[in-house]
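Chain IDs A, B, C and D follow the sequence of writing; residue 1 opens each chain.
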Amino acid sequence: MRDAYDRIAAGDVGRIAALSDGVFAVAVTLLVLDIHAPECADIHGETQLASALFALAPRGLTWLLSVMTLGIFWVGQHTQLQQLERSDRDFAWASYLFLVAISALPFSTRVLADFFDFRLALGLYWANILLCGATIYLTWGLAVGKKLTRADVSAETDRAIRRRIQIAQALYFAGMLLGLVQTTLGVGFIIAVQLNFAIAPFRAWRLSRRSGARGETGGD
Amino acid sequence: MRDAYDRIAAGDVGRIAALSDGVFAVAVTLLVLDIHAPECADIHGETQLASALFALAPRGLTWLLSVMTLGIFWVGQHTQLQQLERSDRDFAWASYLFLVAISALPFSTRVLADFFDFRLALGLYWANILLCGATIYLTWGLAVGKKLTRADVSAETDRAIRRRIQIAQALYFAGMLLGLVQTTLGVGFIIAVQLNFAIAPFRAWRLSRRSGARGETGGD
Amino acid sequence: MRDAYDRIAAGDVGRIAALSDGVFAVAVTLLVLDIHAPECADIHGETQLASALFALAPRGLTWLLSVMTLGIFWVGQHTQLQQLERSDRDFAWASYLFLVAISALPFSTRVLADFFDFRLALGLYWANILLCGATIYLTWGLAVGKKLTRADVSAETDRAIRRRIQIAQALYFAGMLLGLVQTTLGVGFIIAVQLNFAIAPFRAWRLSRRSGARGETGGD
Amino acid sequence: MRDAYDRIAAGDVGRIAALSDGVFAVAVTLLVLDIHAPECADIHGETQLASALFALAPRGLTWLLSVMTLGIFWVGQHTQLQQLERSDRDFAWASYLFLVAISALPFSTRVLADFFDFRLALGLYWANILLCGATIYLTWGLAVGKKLTRADVSAETDRAIRRRIQIAQALYFAGMLLGLVQTTLGVGFIIAVQLNFAIAPFRAWRLSRRSGARGETGGD
């Protein structure tokens, strides 16, 4: 059975991209729902509201962590899929498993936010990110191994994509180890690294303004 | 009235694909929301958190079951839509009914998770899967019967697509019968079968590594 | 300001289609979330679960009503957008207002389900459907009036699209009037009419099987 | 590392558009979930339901505010992306940050609805809109500075896009200042300005009907 079906199954890269954008869009929007607005009944003045909002800061921190993580994986997968000529059943399944790992992030984010000082919560969160990394590494391995990539994809591109996942996972692992010493330290370290990604566009923008309309920025 | 409108209605396969990816993306992401994080107030140490997370295992099992089911139907429908040249009003409605059945899965998953030992809960869950299978079988029947498929779609492809739905439904039915004896047995059986699908990419990946850059794997 | 910006604004029909598919996908999936699974604590046997599930029937009815309504509007808008050559700012805004009306359906569905015997709840629900109808009628009026449609769209197509909205709204209005006498009667009437749409594919499928591989069915 | 990866990363404008449509679709649909239907237990007659629905009016106002704001940003970003020839990693990240700001709107809307008379709530809401404006201004700056736009994008288009963001932000700022005097005044002012956008299609429609089938309306 498998052979007949396999020859025709799940060959449309666009469908994988569309499902991915859907999962990322829902995950990003759900993350913010977990920052519960303060309860009306408890608050009677501006100062009380200010401190109630301030009390949301730790939850805001885990939100920022997960939002940045989603961004990094979205850019990464976006880049991978662009290199593809076609898909097949295995690649579609591997991509689906990656998206399932991504869809679990709101859950492990909530556990981390609720149990911020617990090593187990940090471990669970890290395990989720590791699963995302492992499955996206698998999809790329499949794409190359099964010759699904476009003909003009160079060995250098292959290496760059693999290295990027390895480096990102090394950083998350380092953050997790730091977090075993103190959670805030580990989470802070990961966010600091991630903010580099977030700040890059602003830097590029300043550079592009300085170099005038030529747009000769290094980051392109 | 029907004839004038029918000639122009709902002919864009891309819209059906986009709606499907949206429904699957939301359904996958919502499933995880039903695994409620443990309550902060009850937990004061790592061990307590560990057992609270461990207590989520049955719910994790139904989540895995539904996530795998969604993946199987997504790959299946993805494959079907690829064979289409165009859509029409009947095909669009049949696809919509399939998606409605898919969108009901988070509900029947929750009932199964909450009432794991109840035959009625398993029966409801199976009825939902049967409805998904029946509607996707219908959409394919319509596509072939109404000549919506691409000219190069062979009789072999037609048979492979039908057989795949029949076999999958036979397995779900077997799982349900086993579940009448003992729910865990039935659910476990279905998950075991489904994991075959999930593990396939990993196996393909190992094979593709072994065969080097040639990518001569049997599963393509 | 308006002129310079208007010449370039919001011309991509594909973006409108993608936003629409997103809104419909989320709305369909959210509707089912409002059918709350029975509470575990209250149920100790199969019979109790059966009656608890049976008690969800009215809510299942409003769910069916809204799901069918969403399907009708989705097929309708799908058909409209297919006739378009390009979009402009006004058309994008009108489409957005239509989608806002669609996104409100889960709210008015919930009010109808919670207050099934209240005329006000039925009136609110009907007002929502009227708003969906009015805005989709507006988008088509704009498309034709501003020459956004493809050159090959005939006057007959124009009439068929308008007539379909008018007939659908007439039926919803009739259902609402019946509902003022008795809600179940009105809701039942609307669902019965809508099920015609749902059953059409099944009928087409049986016809296509009977006429063999030729697929000469009248409904295409 | 950065250079090798940067040359290939995140170049697909369609992925950014698809993620955007997903985030906007989920955000629009979630906003309505925050208008909680009245509680069944408290209501025993039509009059009670009427006053319970009427009591939702302030929440309806903030819903309208956010729905219109989402529409304005969606049309704006839609217009921007249409001018693009390609994307790159910085542009993808800047777009992602814009979408994160958009995804936070349901949260700040809820805070504003719950604490309507609090300056802090209005300030938070305004800060969110400012963040949306700043990030979308950044994405356009990047697109122009890094030459990602299509060759036929004129300096006039560039100015029109920038001016539109500046004017919109000026209006939101004015609304916020008015709101410091009295919240309803500020929110009312912003909605009044936004309704101009919403009413434009209706005006265009009436014009297009008056000018007959020629469709010679000024707004195209």
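By our rule, contacts are C-beta pairs under 8 Å (C-beta built on N, C-alpha and C of every residue); 3 or more make two chains touch, one makes a residue touch a chain.
Predicted, not measured: the structure shown is a model, and the values here were computed from it.
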When subunit A is superposed on subunit D by its C-alpha atoms, the rotation angle in degrees, nearest 5: 90
Maximum centroid distance from subunit C, chain identifier (CA atoms): A
Shared interface numbering between subunit C and subunit B [over half = same, under half = different]: different
Chain centre separation (subunit A, subunit B; CA means) in Å: 24
Inter-centroid spacing, subunit C versus subunit A (mean Cα positions, whole Å): 35
Touching two or more other chains - residue numbers and ranges from subunit B: 18, 21-22, 25-26, 30
Complex contact set, residues of subunit B against subunit C: 1-12, 14-15, 18-19, 21-23, 25-27, 30, 88-94, 96-97, 99-100, 103-104, 106-107, 110-111, 114-115, 118-121, 124, 138-139, 141-142, 144-147
Subunit D - residues contacting subunit C, complex: 17-18, 21-22, 24-26, 28-33, 35, 37-38, 40, 43, 46, 49-50, 53, 67, 71, 74-75, 78-79, 81-83, 156-157, 159-161, 163-164, 167, 197-198, 200-202, 204-205, 207-209, 211, 213, 215, 217-220
Subunit C-facing residues of subunit A, complex: 22, 25-26
